[in-house]
Each structure stands twice: as C-alpha cells, then as structure tokens.
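Per-chain numbering from 1; labels A, B, C, D and E assigned in written order.
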Amino acid sequence: AADKGEIDVLNWWTSGSEAKSMGVLQKMLADDGYKMVNDAASGGGGANARTVLKSRIQSNNVPGAAQIKGPQIQQWCDTGLVGNIDQVAQSQNWDKLLAPTIAKGMQCDGHWVAVPFNIHRINWLWINRSVLEKVDADIPASWDDLVATLAKLDKAGITPIAGGGNTWQVATEFDAIVAATGGADFYRKAFIELDQDALASDTMAKSFARLRTIKQYTDPNGTGLSWNHDTGMVVKGEAAMQIMGDWAKGEISNNGATPGKEIACVAMPGSEDTFVYNIDSFEMFQVDSEAKQAGQRAFARTAMSPEFQRRFNKAKGSIPVREGVSLDGFDACAQKAQKAYDKAKSGKALVATMSQDNAEVGAVKGAIFDVIARFYNSDSIKPAEAAKQLAQRVKQAEQMAQL
Amino acid sequence: MAANNPADANDSRTTAPSAWRAMLDVALPKLSLIPTGVASLLFVYGFVAWTIWLSMTKSTLLPTNSFAGLAQYRVLFSLDTWWVSVINLAIFGLLYVLICLAIGLFLAILLDQKIRAEGWLRTIYLYPLALSLVVTGVVWKWLLNPGLGLQHFIRSLGFSGFTFDWLITPDMAIYAVVIAAVWQASGFVMALFLAGLRSIDDSIIKAAQLDGASLPRVYWSIIIPSLRPVFFSAVILLVSLAIKSFDLVIALTDGGPGYSTWLPAIFMYNIGFDRGQIGLGAASATLMMAAVALAMLPMLIAELRERRHDKQG
Amino acid sequence: MSALAIRNVHKRFGDTTVLEDINLEVDEGDFLILVGPSGCGKSTLLNMLAGLEPLTEGEILLNGQRINDRSPRDRNIAMVFQFYALYPNMSVRRNIRFGLQMRKVPRAQQAEIVRNVARILQIEPLLDRKPAQLSGGQRQRVAIGRALARDPALFLFDEPLSNLDAKLRVEMRTEIKLLHQRLGTAMVYVTHDQIEAMTLGNRIAVMNEGRIQQLGSPQDIYDNPVNRYVAGFIGSPAMNFIPCDLVGENGALSLSLSGAGGPAHLPLPEALRARLGAQNKTRVVLGVRPEHVTPAGPSHDSAVDCTVRVVEPTGPDTYVFTQVNEVEVIARCTPGQAPAPEETLALNFDLSRAVFFDPDSDARLA
Amino acid sequence: MSALAIRNVHKRFGDTTVLEDINLEVDEGDFLILVGPSGCGKSTLLNMLAGLEPLTEGEILLNGQRINDRSPRDRNIAMVFQFYALYPNMSVRRNIRFGLQMRKVPRAQQAEIVRNVARILQIEPLLDRKPAQLSGGQRQRVAIGRALARDPALFLFDEPLSNLDAKLRVEMRTEIKLLHQRLGTAMVYVTHDQIEAMTLGNRIAVMNEGRIQQLGSPQDIYDNPVNRYVAGFIGSPAMNFIPCDLVGENGALSLSLSGAGGPAHLPLPEALRARLGAQNKTRVVLGVRPEHVTPAGPSHDSAVDCTVRVVEPTGPDTYVFTQVNEVEVIARCTPGQAPAPEETLALNFDLSRAVFFDPDSDARLA
Amino acid sequence: MTSRVDPGRRRFSPARLLIYAVLILAAAYYLLPLYVMLVTSFKTLEQISNGSLLSLPSPFTTQGWLDAWGTACTGVDCSGLHRYFWNSVAFTLPAVLISTGVGALNGYILTKWRFRGSELFFGLLLVGTFVPFQMFLLPMAWTLGRIGLANSIAGLILVHSVYGIAFTTLFCRNYYVNVPDELVKAARVDGAGFFTIFWRIILPLSVPILMVSLIWQFTQIWNDFLFGIVFTSGSQHPITVALNNLVNTSSTGIKRYNVDMAAAMITALPTFIVYIIAGRYFVRGLTAGAVKG
C-alpha cells in the first residue's frame, strides 16, 4: 500500500518511548499509503545525526526530513537546500495551531520548512516530598527558601541536589537559574537576542553565582553519571531534588514513582511564570521526485494531527505543540505544564531553551557551554568574570558564524 | 635425479630469454604497490589537502569555498578548549603509549614462558579491544566513579580513607581516561609483541644464556633490541589510536568534567560537526596532523634509515 | 676428579633415540675430540652439556657437581655453536663483549680482551659491523671469538673451523691449541676434519648411531681401531678393506691377494701370524691404509700387480685407485711415482701396519 | 662459446669494494673451483651469477647471452647456499621438490627425482622432517639435494660439504663428480677443502682481496703458483717460505740455509740456476712444500741439520716443525721416521720442486 | 624446539609461581569490567538502580539478553540486534581479507624487493595513520557519492580496506624484516616468481603476524561506528550502529543497562571467536632451522 510517496527521516530518537512514537508515525503514514524510512543515528545529543546529515548531503543522498532544532532551521535554510511544506501548513492552518514564537521558528523566508512535534518545559525542579518531610521542609517557594532547604538537607546528610557534571546538564540547570533570576525578558535578551549588555550584566553574574551555590549542594560523585542516575537517586530518596526537563518523568515512573505525587514537579523557584521550552522539530530538504515530496507533505500532516500529537506527547512526557489537543489521560505534571504554557504564552514569557539547541546556533551555544563548563569546574573564576567571558565568547562565536 | 628431468620443461625458457619477465621482476613489486599508492594518494593525501584548504575557508555547516585566510587559526589559538585539548593529547598520548608498551611487552614476555593457559590468558588480555567502547565506557565510568565503583568498594571493605576520584576531578580526569584506554589497547600491544617474540631464533637465546646472561638480561639485551621493528609498529599504532581516541572519551567522560578531557579529535568533531564550524574544525585537524607528524618524524626517519643500513648488511 | 663426567646419558626426540648410554670422562686439561658421522648426535651432546637441551636420562657432572638441572648460565661453559647463533642486533664488538659484561669483567679489561681476540681471529676491521654484513667465515670467527673471550670451566666447540679457508684454519687450530696449553681448560671439540681430529686433542671419541665406538688417543685410534667402523671413519682417504683368504699352515700363514694377475701370497709378519692363527679363521677382512699401499720397489718379491683405474693427484700425494680381490683399493704415491690409468702397477702392502677384521661381525681380529 | 663468461665485474657494498675487475670464462663441461681466504668475495660472486645481487659494474654472459638483467628464475641456475636457506615451513621432501614444482616437472617424475636425490644424499629417513629437526650435516645435504634435483644450465655450490664428516664428504665428492661427468653441466664450486679443490675441478681460480690471483689447472696451480700468495694459500700444511741468500758464482749458484749447525750450501739444479741467475738477485725467498722437505737418507751430503721443535702426527704423515734461517719450516715424515722433539734431524730439500719469490714484491722469480 | 626458560627450571620454581601470579593479576584487571558487564546484563533494572555494582544478580534474569537479541529498539525497528549482524559480516569479512592481504603483500615488497624510494613510500603511508578519521568523513562521502558507492556495502568495504592498509602494511613489514632474505634468494633460484614466493614461502612464515593483523582489522572494522553510521543508513546499518542506537538514548530517553550490556556482549561475540581461533596460530619458532648465522 505504501506507494503514494516515501520519506527518509533522519533522527536521533532510538530509545523507548521516542522510538515507539516514531514507530507510530511510521505506521500512521503506512496506513495512509506512505512509506517512511527511519534513519536513526543516536548519540551525542544529536551530534551524530548532524554529522550524518552533512555527509549525506555531500554524497548527494539527501534525506527527506531531518531532526533539526531551533535556529539551525534557519541556518540550513540559508544553504538553500531545504524543502517546502507550505501546502500542508496552509491546509491545516498551522498559523492558528502554533504559538507565534514557535511558528516563526518553523519558517524561513516566509515559507514553512519544518514541522514541530512537541513542547518540553525545561525549568522544572523535581522534589522528593518524603525527603523534604524528613528534614521538615516545605516545597521551596523562592530562591532563598531553596537555599535554606538545601542547607538543611546537607546538614541532614542527604544529597540536596542530584546533578551530573555533564555540561548539558549544568547548562540545563543554568537555563532554569537564569529564567528564575532574570525572568523571561532577561532570558530572551541574553540567550535569544544575544545582547552583549545582558550577557555581561550583573544579573548574569548573579545567575552564575547561583549556579555555584547549586553546585555546592550537588553530589560531586554524580559527575559524569547520566541524568537518569540522578533521577533514580531522587526517587530513592538518596537525593532530594533534581533540576531537569520534563522528560525526567519517564525515569520517575520507571523507578516506580508517579510524577506529581511522590515526586513533586515545581517550576524552579522564581521562574514560575516563565516557560523555557524545548521543541523537537523536523526540517524538510529538497528532494527531486514527486513521490518524495508527497512523502514530506504526508509526514508533516500526520505529525501535526491531533491523534499523533496526543500519542506522541503522552509517551514522551511533553505536551502537544498543536494547540487545542485534549490532555485527557496525561499526568499531573503535564497538566501543570500546559497551564504554565498557556499563561506564559499570553504573558510573553515563552522562551526557547539555550541548553537544548532551541535558542541559538551551534557555534554560539557551544561558546556558552564552554564558559559555563569552565566556570562550573573551576571555583577560582568569579561570577562577574564569567559573565564578561560569556559576552565576549558569544560575540566571537557570532562573528565566526558570519565570517 | 637431475638426469631424469625432462630437458624440455625448462630448456625453452633458457633459450628464449624472456626479457619481459626480467622487466616484470623489476616492475611487478612496484606495480603491486600501485593500488596502495593510489588509494593513499587519493584517500589520505587528497583528503588532507582538502582539509587544509577547508581550514582556510569560512565553511560553517557545509564546506564552502569562501576564502578566509588564516582567520580560523587565529580563532583557534584564542580558544581555551583548543589548548586544553592539545595539552590533554600530549599528556594522554605520552602516558598511553608508554604504559601500553610497558604492559604489553611485559605481558608478552611472561606469556612467552611456556605458560599453561596461554591461549586463555591471551584472549582475556585481548578482549577489551573487541568490546564496543560505547558500552565499556559506561562500565569504566561506574568503576572509576568514587560513589559507585572502586573507591566505594574499597571503602566498604573498611578502608574509609581511600580516595580515588580522578574521574570527577577536572585536573585528574585525563589520567582516569588513560587507565581505561590502557585497559583497552594494551592487550593488542601484547599480541603484537608476542608475535614478534615468536619470530626470534631460539639458538640466539641459548647462546646468550651460555654467555651468562640471566633470563631478564637476555630479554633486555638481545630480544628486546631485536623487537625494535615491533616497537616501531606499536608506537605508530598507539599514537594513531591516541590521536583518534574519541569513542572512549565520549563514553567515559563525554569530554568532562566540563571540557577538561577534550582531545583534538573531540574538539574537531564537536566544533566541526556538532557546532557547525567546519572551517575551524579543519584548522584544528590540520594543526594536529602537522604537530604529530613533526613529533613522529625523527623516529620515522631514524627507523627507516636504520633499516636501510642494516639491509646493506 | 675429572672436570667433566657424562654418565649413562640418553637422549630421545619423540620416538627417535639420538644418544644411547653415553659415558665419558674429561679430565682437567683434557682436550677431547668428538667425531662421528653427520647426525650421530654430537651437537645434541654438546647442547646437553651446555644445558640447552634436557637429558632424557643420565647425569652430567662438572667438577664433581651434578649439573643436570643447573641453568646454562650457572654452568660457566663457553660454546661455539655450529650455527653460530650470533646476536643479530649487536655489532661484532658487542657480540664478543656481551659474555664479559655478563660476567662483570671490568670495562677496561673488556676492551683489552676484545682487542686481543679480534687480533687472533683477524677480524679487527669488522668489529663495528653487524653479523648480517659478514661472510660465512667471518661469522664463524666471531662465534669463536665470543667463546675465546670468556674464561670458562669448559669450552665446547661445534665444528668451529668448518667455514674457514685452509690457511686460516691452520692458524686458528694453532691458536686454539695454544689457548688450551695456556689455560689448561678442558675442551670438547666436534670436528669433521681429520687433521684437526688427529692433531688438536689428546683424546678422540668416535661416535656412531648414538654410541661411543672408541675412545683413545689419536694415534691409538688411528693405528688400533677397535672395529671396522672406527677404522673406516678415521683417516682420509679411508682405510682399504679387502676381504681375503688366509692360506698356508699355522706356521707360515699368508694372505691371498689377487690384482691384475693371479693371486699373490703375502706372508704375514710374525706377530700377526700368531694372533690370527689363534682365531682359526680362513676368511678375514684386511684393513690397510692407502699410505701403506705404495708402489713396490723393483726388488720387491711379494708385490701385487694391479691395473690402475683412476689417478687422483691431490698435490702432495697422488692417489691411485685399483682393484684387489674385486674391491676398490686406494694406494698413495708421490706425484713423481704416479702411473697413468690402465697401466699395471705393482703394489707393496705394508702388512706390519695392517689390521684384520671379522667379515661377519666387523670386530677386530688382529 | 663459453658456458659462462664473467667480464670486468666489480662489486661494492657502500664504500667497501668486494670484487674488483673479475674476468672468468667457464666452458661447457668445465668444473671451476673458487678458493680464497674468508671474506674475499666468493659468495658474493656466486650471488651475482645467480642474479641475487646486482653487479656494480661489468657483465655476465650465460651461453653467450648477457644475463645481467635477467631474473634468477630465468637464468636456470641451481645453487647451494653457504647458509643453506632451507624453507623452514616445508618438510625436507617439499624443500627438494619445490624447485621441480616451480619448473612444472610432472608430479610422478618429481617423486622419482626426490627419491633418487634422497638416496644419494642418504637422507631418506629424514624426508618428512622439518629443517629445524635436522643436524648440521643433514641440513647441508638437504640444501645440496635441492640443487641436485634440478637440471640447470649451471650449478653453483657454496662450500657444500663443509659440515659433513670426512667419509660422507668423500662420497658426496664422488657423487658430485659423477654427476658432473654424466650431465656435463658447467659448475662453479667454492670450497676451503684442499682435497676438494685439487680433485674435483678441472680449473681453480684463486682469489684474494677481490681479485683473481691465478687461474689454472689444479696441478699447475699447485706446482707453479704465480706468486707467493697463491703458493701459500694452496696446499696444507702451507708451503715453507725461507728467505735465503744466493751464494756462489753464476756457474755454481747455491742456496745458503742454516739450521742447527752452520750454514749449508745447497747447489741449485741446472734449470733454476739459469733462470735465477738472470735476475741478478742475491736474496730470494725459497718456497718449498713440506712433502719436499724430508729426512735425509744417510748418504746425503747436501742435507741441512735442524733441531726438531714440535712433532705433529696426523695419521698417515707426521709433520716435523723446525727452524731454518730463523723461520719455521715444516717437514713431512712417515710416522716411522719421526724423530723426537729436540733431536737434531738432517733434512733434505728437494730443490727441483722448489719455487722462488722476490722478497719485496712476492712475485715469482723462478 | 625447547623452552625459553632454562630447562632445569621448568616446573614450580618460585619464579614461575610469581609469573603466574602476575599473569592472573593482570587477567583480573582486564576482566573486572567484563565482570561488571556480565552481572549487570543478568540483573533486573530495579536491581541495577538499587544494588551495588559488584554484587551478583538476584534475581537472575536473561531478559536483558533476550531483549537485546530480539526486541530492543534500535530506532523504529524494535527487533533487537540480530538483524544487523549479517550487515556487519557482509563488509567485515571482505574488508579484513583485502586489507590484510594487501598489507602482507606490501610488507613483503617493502622488505624483500626494496627499491629506491621504498622507504619513502612506507613513510608516507604511515603518516596517513595520524589523521583522525573524522576529518575524512565529508570528502569520503563526496567521493563515494561520485563513484556511486554511497550508502552501500561496497562503499564500506572500500573505506575500511583503504584505511586499514597502512596498519597491516606496518605490521607485516616490520615482521618480515626479521625473515632471512636468503629464503627469498633460494626460492628465486629455484625458479619461483614474485607471487609464488609470497604465497609459498612468505605467507606460511607469517602466521603470527597475519593473526595479529587479522585480529586488529577484524576488531577495528567490526567495531567501527563512525564510518558505519555515516556511510550507511537505516536497515543497512552495521551492528555497532544498531548497538549505539540501542544504548544511546537521546538526552531525554531512559537507559536499560542490562540490555545495553547484553547487547555489547552479543556484538562482541564474533570478535571473541576470532581471537580464540587466531590465538591458536601463535606458535613458536616459525623460521627455526632456515638459515645459520
């Protein structure tokens, strides 16, 4: 039956729920008469997939769609190699279904070139309630509250925060901290507009200082271990909290707890209004045959269909990117996220995450990561110094990108 | 006996001097090297040239031909990550090569003493090479993690003061990488040496024993010097492995803590492909290649020259 | 107490028995020559003495101490290998010096010794070459040098001069002899060279098929071989063995030899007559060396006329191949006396130097 | 047309000149012996003939065709290597058969040839062994076997018998000689053995320092060496060289030799007298072989009295070492004539066989 | 052939006991990670996250192995690793044989048929080994695209052969340096040509180094991930890419360590077998008895 068209999809989703969801997509397409070839290349947070994409382009073996995030969508657009799905977007009326910030990201030169799948919230704090009870503390409501609670936990001999030293994990924490410290506008100025003053500002310095505070309450032995391990520690009560995106829910249920119940999901104190989001999206590439173009259209159409959005996002722990999809059967934290999303959208507090490639191109993100990593691993660097470095490295990276 | 030979079988060859066969004798060895030569010219030197060219362009996501002069190099030199990678390579490379050689040779010599279970031991020493680093990296990560692995284990035996936390200490993490890397490659170096040992004439060893040399001395003065070509192979191999060490570091530390265990290969992959700065990645590759070639050149020349000299004899 | 004692030594490689019940004593200052056909186990025996091959049975004593289980380096033995076994990675100089270094000889002395050895062996210009750059004879000299440099309790030489030219060989032979006289160290020396065997040692052991056939002084073995094997093995060209009948009465026993003409009857010397007569044999094998078969002077009456088949001049002597009693007999002449092929030559057999064997058992009769 | 012609051949290894302007012709059916001191370039020359070493200069012709650039396998030459070079991975049988397989000899015939060769070389029981399991002589025989199995245009032998015992050596020598007679194939044969050199070939080339010193028939070289080097090199024990004065008038030239007593004056034979006198020398070097220095009979008047220093019995002969004109002189006696050391012995010098050299240039005078 | 050790001291001398002790200790070092992998692969996920690293599995489960083989996801396809096994075999075997064969031939030429410039040739070949393969990806992709081998087994065979040759040549050449030249001389006089000598004389003598070369190439090619992931796609993927996909969750996926460990062992199985087989050919003294000197 698969003869109406075909699409070759390059992605790095290979495990568990993600892979199953891709399977669902493949099946839905097949039922419609389209063949989807799943070309998975996991590893390195998408680094391998990005490499494969480049070599496939070099060898003239361009995929129909590839998993590409954030500003990289625009970057690829500049190469003139991308395909066009205006037809689908118009017929499904994507303008209405997607938040404007998000919609903008999927377009280039006024054309739709990419399809979004989901929305993750980054600035979550996951807390083991029973551990807090042990030290007689409440869910922290403010930064100071948080620090006080951390100190208490520390004294009680419980690891306050489970956090690996992986740079992307630290950056995720930093994402939440910056959102909590400077608010959405500051976050946007710094990480999306890359405003030099914002980057070098005192607020940024303060954020760095807070990062160091968090580090002090992090188990050093966690360095290098995966975030799953940290989540497990929280569930088991060996650690009290973790700052992590809402994909942590999967691991929480995996360890026999229910997100929202034993493990509370709260926004990073101070960032309750802000929604730092991570969107996974697929960009189309120019393909020569009609069958392949038809495949691209079907892929985009199906991905945005309510049914797929529900099934996919429920499994993945995110919320649908398409608005107006019922959240029936989604867990408490998802419901909470949806509310936060709605609120942030209207309050213009919806910002793309820096830590997950949604906010800036690779070179700039890399520069930010480098500064964060250096700061995090060397206590002799002062927060203000780090902020200054951040501004400087970001500037250099921007120049490089436009060399 | 000879008289019974069919005279015709070879007479035709003697009488008809096959000049072409003589030429073939001279040409055949060279002809046989052509495939290798062409492949190497194209797939190594051609690509190297291309890389050098890329390093002088503004290439970002994809290679382009927009000339940028030495701008990429200037940026490269300003990056802390680059210098960390380079210094790491120096530390890691040196330790890795030396320790692998030492362990490999040592084990090979011990295994060469008519050991009963030689076959099994050899396989045990070799097997790390067979396992995908994607996974063994995880195991080493656990083992070297103070909270989970050896430190934890030894402390739980009652030695509470025992500390082994290299992996999570930015300044020491590269040494932890060395441990796992040595674990992986030393077995192969052992095999290389063992093969070399097996090619040495027994009677020479006997003669040395008669000369009063102890077994260690026999190895030191006679056998190991005869293994010089093997050393050469092993060093080249290990240096090449060190330069290409990628999977292991990614799996073990993912370059961390921070970027404290980055190596040039990681730098290049990360910068060139993940971050989309191919020009910069190419510049780093070019520099590293040049540096390694320069570092290896004396050894290369010495070895090749020495061999030619021996051959005269 | 003997310097070296070999007691009931056996050696097998798998199923092949190479040495069988070897017993030998080598005294302080002895120079023992080992000879025997190719493959009879000479090298194997030396290897066992040096500790490089395990014994299958038996024991070896060096200066009274059992050394079966002692490692080669603790035996203090120097050996020249038949296959040289030079250290390929070392220059000639270092090859020679290595044993000295191992024995912790002072550096200055090492240099001195190397210089000396190199001079004796005429390899001074080669000291800095690698073994691969040497000719066959040069390698062999280096191998000798390695042993000579040392000061061991026992020297073992395995055909050490086989690749040297005659002139050099004589010189080396003299050097080894001088060395032996100077040091008095016991030596065991394998050679295929008759002259070396006869002149170098004070005792010769003739081996065959893994056993020692005869042990004795060179002259004794040459003159009084215990059996036909030894008689034939020692001496070159080999001894002539002529089966012949004993004729005549006990009182005047004589040998019947027929060459070109009818049978001649050669009377046996007194001493032999008695000994052979006692054995009551009528058919014996006469063993007589070529140098005792010479052209007869004109006044000889018991000469045997023979037809010359081949004449082989070797320089100092010319060998004449003829037939007596239907077997080939070699006679030695001076080049001047040499006849032409097909000529008839009267040969004189010096029976006073002849020996006799049993045609069946090959044992010596007289 | 000569089977093999070597023209102006030079060979250098780096800076060392090993062969210099070698010229040789080997005719169909020739058997050429190469002798020379260790390291003089014999093996190198054979290697070049076989095509295994490139020439530095000159050319080589086989059956009239220039083969400098021809590959070894198209030269159709068989060679026995000084260092055996057996294929260690192959059994003895396969070692011998290898060359036949390469020449596409039918299988049945191969087996036949191997059997034959093995019989001649007495290595039948060893056919299934690997080289490492053989003794020195056995390996050498396999190496010979590999060459004999072939049917080449030229045989090269590099000291093929050096590790064999005397008895076997004589047998092998005979076999090689028979082979040569049967096949008529040209042969070049390196040896250090005087007997082999004298008896095996029809021509000998004496090499020294990379040059050919003399080329001639064995007897010629033995009797008429062109210079002192050749004279001293051929013959064992070596020729005695005695520097001495020529005394007396042209008409009655005689040699002054002093041993134990005062100088004796030995009149020169007629022929020599003329030739030597023509050169107007007063001091010459007398070259006389040991076999021409013999104990003088009682009736001799021109004997030289000498003191015996060392007596060396070798079996057939006994050599007596004495001093004449202050140099060592070796005389040959039969064992029966041998004196005891320190005795005085009257020696007879057979001057009719003597040769004379220039003391300065070492060139032959007469 | 006799022992390297003094014959008198063969049995249980203290020195030998020490040797065994050291060897066993070394084995422990090498085995420790394997032990962890093995026990982990037989544990339940729960035990992995709760228990100690070194503890034995209880309950013992083979679920990890079954999943890894049959049902684990390597992308959309959730049928474990077994499908990818033959992909790997298909390019590993030819590439190993080609590169080892060519390497041996090169080594033979570079030692026994030297010519002016052969050392230079070798030196240049070696320099090529110092370049990180990552740098070759794009030009290689371009080249494969041009010659029509993109995304094909043949393309992978080409890539692996080309980049393996420098190593196999290095191993073989440096081994052949110690093989006496006289053997080649004798064979040439016997009438053997260039290839015959290689085939009949040199190869039989090079068993240990061929084994080393084989082990190296097999391991490198079988375990290669980079070229596999870049130059093939989807169902063409070699087993390592499948393993990687199985093991490497995106940053948002969940890890099943027992399956990961089992998958790693399954992936490594062919290599183990190669090691065990190849190891049997490490025999002593192949050139013994060839030449004196």
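Throughout what follows, contacts are C-beta pairs under 8 Å (C-beta built on N, C-alpha and C of every residue); 3 or more make two chains touch, one makes a residue touch a chain.
Chain-to-protein mapping (UniProt): B, E = Carbohydrate ABC transporter permease; C, D = ABC transporter ATP-binding protein.
Note that the structure is predicted; figures quoted are calculated from it, not measured.
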item	value
Path length in steps (a step moves to a chain that is touched) from chain D to chain E	1
Set of chains whose contacts include both chain D and chain B	C, E
Superposition of chain C upon chain D: rotation angle, C-alpha, nearest 5 degrees	180
From chain D, the most remote chain by mean C-alpha position	A
Pair exhibiting more inter-chain C-beta contacts, B-E or A-E	B-E
Distance-maximising chain from chain C - centres being C-alpha averages	A
Where chain A and chain E are represented by their mean Cα positions, the distance between them in whole Å	39
Centre distance in Å when chain B and chain C are each reduced to the mean of their C-alpha atoms	57
Centroid spacing, where centroids are CA-atom means, of chain A and chain D in whole angstrom	94
Inter-chain centre distance, chain C versus chain D - centres from mean C-alpha coordinates, in Å	21
Multi-chain contact sites of chain D, meaning residues that touch two or more partners	13, 71, 73, 76, 83, 103, 133-134, 136, 150
Chain B, residues touching no fewer than two other chains	10, 24-25, 63, 134, 148, 201, 209, 226, 269, 273, 278, 310, 312-313
Residues of chain A whose C-beta touches two or more other chains	43-46, 51, 54, 58
Touching residues (chain side chain B, partner chain E) in the complex	10, 24-25, 28-30, 32-33, 35-37, 39-40, 42-48, 50-51, 63, 103, 107, 110-115, 118-119, 121-132, 134-136, 138-140, 142-143, 148-149, 152-153, 183, 187-188, 191-192, 194-196, 198-202, 205, 209, 215, 226, 229-230, 232-233, 236-237, 239-240, 243-244, 246-247, 264-265, 268-269, 272-273, 278, 281-282, 285, 288-289, 292-293, 296, 300-301, 304-305, 307-308, 310-311
Chain B residues touching chain A - in the complex, by the definition given at the top	58, 60-63, 68, 71, 75, 78-81, 134, 141, 145-148, 165, 167-168, 170, 250, 252-260, 269-271, 273-280
Partner chain C, residues of chain D touching it in the complex	13, 35-39, 42-44, 82-83, 133-138, 140-141, 158-159, 162-170, 192-195, 198-199, 218-219, 222, 232-238, 289-291, 312-317, 332, 334
Interfacial residue positions of chain A with respect to chain E in the complex	8, 10, 12-20, 22-23, 26, 37-46, 48, 51-52, 54-56, 58-61, 120, 168, 226-229, 232, 236, 245, 247, 250-251, 254-256, 316-317, 356
Contact footprint of chain C on chain B as seen in their complex	201, 203-204, 206-214, 217, 221-222, 225-226, 228, 310, 312-313
